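Per-chain numbering from 1; labels A, B and C assigned in written order.
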Amino acid sequence: MSAPVYLELVSPAGTPAALVAAIDAGADTVYCGFRDCTNARNYPGLNFDVDEMAEGVAYAHARGRKLLAAINTFPRADDMAPWHKAVDNAAAIGVDAVILADIGLLDYAHRRHPSLRLHLSVQAAASNPMSIAFYRENFGVRRVVLPRVLSVDEVADVVKAIGIETEVFAFGSVGSMSEGRCFLSSYMTGLSPTSEGVCAPASHVTYVEDGDKIVSCLGGVTLNCFAKGEPAAYPTPCKGRYVTEGRASYLFEEPIGLNVANILPQLKAAGVTALKIEGRQRSRAYVTQVVSGFRKQLDALARGETPPPADDLKLVAEGGRETFGAYGKGWR
Amino acid sequence: MTKTTPAAKKTKAAKPRLTLGPLFFHWSPEKRRDFYFRIADEADVDCVYLGEVVCSKREPFFAPHHDAVLERLRASGKEVVLSTLALVTTHREMDAIRDSATDDLLVEANDVSCLQALDGKPFVVGPFINVFNEGAVNYMAAKGAVRVVLPVELSTDGVGLLAGYANKAKLGTEVHVFGRQPLSVSMRCYHARARGLHKDSCQFSCETDPDGLTASTLVDKPILAINGTQTLSHGYAALLREIPVMAKSGVTHFRLSPHDTDMVKIAALYRRVIGGTMGADDALAELTNLMPEARFINGYAHGKEGMVWVA
Amino acid sequence: MKHESPALPVPLARAVMRAMPPAALERALAVVLRRMKSRRPRLFRNLAALKPAVVHVEPSDLPHRFVLTIGGGEARLDLLDPAAATAKPAALIRGALGALINMLEGRIDGDTLFFSRDLLISGDTAVIVALRNTLDREAINLTDDALSFLGPLAGPAARVMEVMNRVGARTRADLATFHDALHAAPTYAADRHLADECARLRAELEAVKTSLAKQDARQRRSGAAA
């Protein structure tokens, strides 16, 4: 497969205002979720009702852009109706694809809506060509969002082997756990990221001032203690500081954000179809900033120019710092 | 209350079986071999899962002993299931998955890649593939699954519902009832990271912690256990009081997860609780004697935080 | 291209709010909020529909504290009366006025402020997240809302704001500059041009207050008639 000439820029939108901001800033595609547990960013005040999603489709299509609906949590037994309804609604309002993770739901969407385009969510953790082939052959999945665990070389290998589109994470929060299979947050809060769509739910997060330090807790578990001026991360278990053998450290992951802006030519050469920006929980200011930053980069790349350095995105990155994540050496 | 009719008695399911899940930790090859020999000779379990689930780099160490262990377990009349890797990325790992899929042993698939390789051959769905609902249960049944090991995150209510759907689809269900609960898998090795090593030159540093490395919070509360690329609960799941209700709802297998303690005695305890010859509270008291340092948890089973104990 | 109102200049807002006596500020707030409510009924409906909560807002560079009441069918912002006994808030937001305004107007991301520690939150985090997400659903421009109550002074004030924005933090689409400016904010006081503007504004404050009182009375009359 030859490398595509154009890299599709996929932006998050947590609210209708963010969707407009994303498209106005130059996103090719926007992904969003319904206002319930059917999506993996089920936070208060966030997301779209069906009418808002339909308006979003209209706004995107009028400008030649696309809208994807993320329905990427795992329904619980005897409670599949909200997920089925979300898929039905998404199909009815004409979204360009649904992003799914659960095998039961993929099966439903494939049988019920044979012409609906299916994307495989990162929550499905399909990290190798054999897994991706399973979803392609059994459910007709047309695009896979690759887990944030592969190096650029491994991404290129996967692209060559699978014969469907790939979407890779370009910017945003970076977790080191295999997505969709991490129970750390429910272990501390009782609420599940996989089924209820909330990792580190705000209802279980507290910040307590301790002198000139701030202590963050999740479900009563002390996750971190920040001194003044020290960068902060999301209060998720994988970004906490833990003590092993008498030494405190960011055992799993530092407060740091992913940014691939400086390796765009390599990703393009690897043959990926689309670049995904993480952050439906972030504001429209973030969306504008990151989408316009990447738009400039991708336009330069499309013109055959070397993309300008993208240092200005560092400030919005988690912890105010950036990493290539696994893309460099695959966390070896 | 309705009386049990003779017809109902006849269809009443057999007693649930007791299994020993795959060993998550990196024990020395000899320790691992001797452990399984003793399990074969002395442990009252119906089924043993063999195989490396966590880190493919550990696989070659045990390979020389695999056949002897397998033979001894089979000779003891135990069913043996081959567990496969939970996170698969390299060509070598995919080859290993293909090899497992063509083995004569029943295979526990812990990654979807394994389902692809099995291609219709019967299999057990491992706990690292998410099966949370009847849609997924029915799909797995259609693909040739014989039973599903349910995710540790489920409550006994959720377990009951899924066991019901699984029974209808002629699938067994298995629940992790003893041992640290697997909470996540990663590409990154946290043992190496904690000790300032690179994953590629990790020196198999995880071998020093036969039950995992304790990770505590900044206020000194032990919370997690690290096992290479895997993260587990610090507390040991001890579902004993919950066994009767799960058995009643149709769970067919209960899983003990191997730890560096007397697993033969623990198997005997659970067998008696499953058989109804020992009360859960007595079993808990004995378990506490066996593992005086351990903290027990059962939060998930009660729909609560996994880390808590619900008395 | 559609006309964009100038961003509310932070030094100006700070100067005005510092100079205003609490009673006048309280009334100004009420007018601005009434104005916002009529311009953005959906925002207020969404805020009123949230879980009931009281949030204290502490601009770290102002002598005033604010009490935001949301949920249970209402949404209001009042000046905190330090003398009055008030219930403990569900949550507290603290940050420089500039950070708070820029976040409210959607020019800077709340999480970014949080990561850089320019924004501190404590208490019930769910309340803050719900509030932040609800506000972010709307394109809010405080300048429009604030100018609307200045009546005849709106024109000159808008020009002043434009000047101040040119001189001050040139924030539009330039987060890095804004970030630096935010931290350098106190040095604006030494900027003679700005100081002069502020002095002039203080002098005009009496006129504003008169205008305010008139509008206030007018609105109350029309409110009573409705």
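To be clear about the criterion, a residue touches a chain if its C-beta (ideal position, glycine included) is under 8 Å from a C-beta of that chain, and two chains touch if they have at least 3 such contacts.
For clarity, every value in this text was computed on a predicted model and none was experimentally measured.
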*May I ask you to sort the chain touch graph into line, ring, star, complete or other?*
line
*asked:* Suppose chain centres are the mean of their C-alpha atoms. Which chain sits farthest from chain B?
replied: C
*For chain A paired with chain B, centre-to-centre distance based on mean C-alpha positions, whole Å*: 30
*How many angstrom lie between the CA centroids of chain B and chain C, rounded to a whole number?*
56
*In the complex formed with chain A, which residues of chain C make contact?*
46, 50-51, 103, 106-112, 114-117, 120-126, 128-134, 136-139, 173, 175-176, 179
*Contact residues on chain A for chain C in the complex?*
14-18, 21, 43-46, 201-203, 205-209, 214, 226, 228-235, 255, 281-286, 288-289, 292, 312, 315-320
*Sort out for me which residues of chain A touch chain B in the complex.*
74-80, 101-105, 107-108, 124-131, 133-135, 137, 149-150, 154, 176-178, 180-184, 186-190, 192, 194-195, 219, 221-225, 238, 240-245, 247-249, 251-253, 326, 330-332
*Which of the residues in chain B end up touching chain A in this complex?*
86-90, 93-94, 97, 111-117, 128, 130-140, 151-153, 158, 161-162, 165, 181, 183-188, 190, 193-195, 198-200, 213-221, 223-224, 226, 231, 233, 299-300, 303-307
